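What follows is chain A paired twice: with chain B in the first complex and chain C in the second.
And then the complex of A and B:
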């Protein structure tokens, strides 16, 4: 699992709005960086890393919720959740296939066909999950989620400037 | 060489039957970015959807081979659109590959990054040897009828030309990639429309030079695949002997590309690139001492068949 990137300026004396902006900017950048090649089922850690990054972004959005315009924040949080759900659809069969493959490798030839059938079913689920994820990723890109998250972060910083 | 049955050359016309799984390959070449969605089962591959967009990476490259930022963005957008089409057709796995123009670009990582980030696809930049091998597999495994053994497969692309020789359906025993293609010759030599005789002469010399020193093993027959070959079918017939290639060159040199394109019902961009591709094919024929026959299948089919083999071995 990829380690979370440190958030520059996040310290006890930081202003809440500035901290919110920095946290969302860094966590959002991590999500989109982990999108690289995430549909490749030969490297299942990519989905895992992106899913973890999405959870971290959701946590940042929830912790700092009061810093953001309510309606926009709610909408973006829902979009990030939909992305996380799509990653979960892919991740579940990924993990099951990995574990069952380990079990299959420890079995004798006579016992393998049963488990191979199960793995095949899970592979079909994995491909279904990939289709869902691919559609969500294309939607995320087309509707400019990354830019809108950056805009949300800027709004927290601007609000902080006005109230200070 | 025996004639190739029409159904084998055009799998779309094959009788429809259920397929075990549907997968797709997106191939970013020097001239075009192409999508193939195919049904895969134990017997092989059936084309379901094919798309093509002229992304012109080779033509847009700066003199040092850098791909401009706008071409990077436009290509990533085309790949995203083709991914949409693949998903709509029910593709489970979508494999993306890139060839010569990307392979040779000093800033290829920018294009790889843009595609991977915007679409989630992992983009595999093929080496020349891999490209030759996969084109060979794709060309020889989709044909239904008997193919000469050993067979040579010539894949004339925009930025490179691949040549592979081996037993049909197997791994090639010989594979080579040459830094010459339709876009390379067009950029370097063919500047007027239609190309002037002196330009064609210079391009012909460059094509011949690219094959100098190459000593492929003997083959019993040859297949030509790729955009140049399939487009040539319309104007030169199926067997690409030197006389038909020369006639095609004369036709292409008879009027500006837009006029010829209307006459032969081809994209004007393809017509502009064809003279270079024909000269490379002629040079390849000379090198092999064979007349290539146009064949369906090639790189994208090879990528998908390799995927099919890999999944089969994982399930074994």
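And then the complex of A and C:
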């Protein structure tokens, strides 16, 4: 799992709004850095890394919610959540397959066909999840989610500058 | 589960002060949800406790560079809770799924044997039982179900022990006290900080 990048300026006495802008900028950049190769089902760590990065971004949006324009923040949080859900739908079968394979390896030949059938079902879900994720990623790209998140972060800074 | 609203947050205020307020609410939320979850071990309540520990973990991880060691330690504790709760959740997701799969296979096998007997059949030959298309599948699924039921019980006991070791009130108080250091008032210019 990729380590989270440090957020510059995260000092105890930093303004909450400034910390919010920096956190969303850094965490958002991390999500899109991990997008490459995420649909490759032979390398399940890629989807895991992007999922973790998306969770961290979602957490930043939730923790600092009060610093952003309400309506825009709510819309973007919902979009990030939809991306996280799609990544989760794709990732969950990966994890289950790994766990079931470990259990099956410890069992005798008589027990294996039942678990193999279940694993087969999960492989089908993995492919379905990948199709859904491909659609969501396309939507994320087409609607410029990355740019709009950057704009949201900027707006927190701008609002603060106006009020200070 | 919707997160409890944190009152008094101020975008113009200091990070440490705002973060402290959020952590205090998230801690309170976790403690409130842990009680029913650990008392009955019901899947829904444990799920809520998992979400609460995740929220606490993330706010602490996010703000640890500003809030210091107490936040880092608190995040580790929350992660440990979240991890075991996540493993229990996986069992809770998989067990009904196995049950549903067994039921589907059973119905499909019964339909296959019925169809093989033909429309005019007066009875079903006992030898037909050996011809169930999925006959080799049940055993593995039942064994898996037994394993996951036992594993869940082991994990639940581990969670209960982990929580008991935290002495919940002590954990919250210690964490908040540690965070207080980071939000101590700024020393006036020219004076050394206490």
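The rule is simple: the second predicted complex is superposed on the first by the 159 of 164 C-alpha atoms of A that agree within 3 Å, B and C clash if a C-alpha of one lies under 4 Å from a C-alpha of the other, contacts with A are read in each partner's own complex, and residues count from 1 in each chain.
In the analysis below, a contact is a pair of C-beta atoms (placed from the backbone, for glycine too) under 8 Å apart; a residue touches a chain by one contact, two chains touch by 3 or more.
Computed from a predicted model, the values in this text were never measured in an experiment.
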Combined model on chain A: chain C and chain B, fit or clash: fit
Touched partner set for A:70, first chain B, second chain C, both or neither: neither
First (chain B), second (chain C), both or neither touched by A:141: first
Of chain C and chain B, partner touching more chain A residues: C
Superposition-derived angle with apex at the Cα centre of chain A and sides reaching chain B and chain C, degrees in steps of 10: 130
Touching partner for A:127 - first (chain B), second (chain C), both, neither: first
First, second, both or neither for A:38, with chain B first and chain C second: first
After superposition on chain A, the shortest CA separation from chain B to chain C (Å): 16
Residues on chain A lying within both footprints (that of chain B and that of chain C): 116
Residue numbers on chain A that touch chain B, as the complex places them: 32-33, 35-43, 46, 116, 119-120, 123-124, 127-128, 130-131, 133-135, 137-138, 141-142
Residues on chain A engaged by chain C in the complex (per definition of touch): 4, 6-7, 10-17, 19-20, 23, 55-56, 59-60, 62-63, 66-67, 95-96, 99-100, 103-104, 107, 110-118, 121, 156, 159-160, 163-164
Parts of chain B lying in touch with chain A, wherever the complex brings them together: 21, 80, 83-84, 87, 90-94, 113, 116-123, 311, 315
Contact set on chain C toward chain A in their complex: 3, 9-16, 18-19, 22, 55, 58-59, 61-63, 65-67, 90, 94, 98, 101, 105, 134, 136-144, 147, 182-183, 186
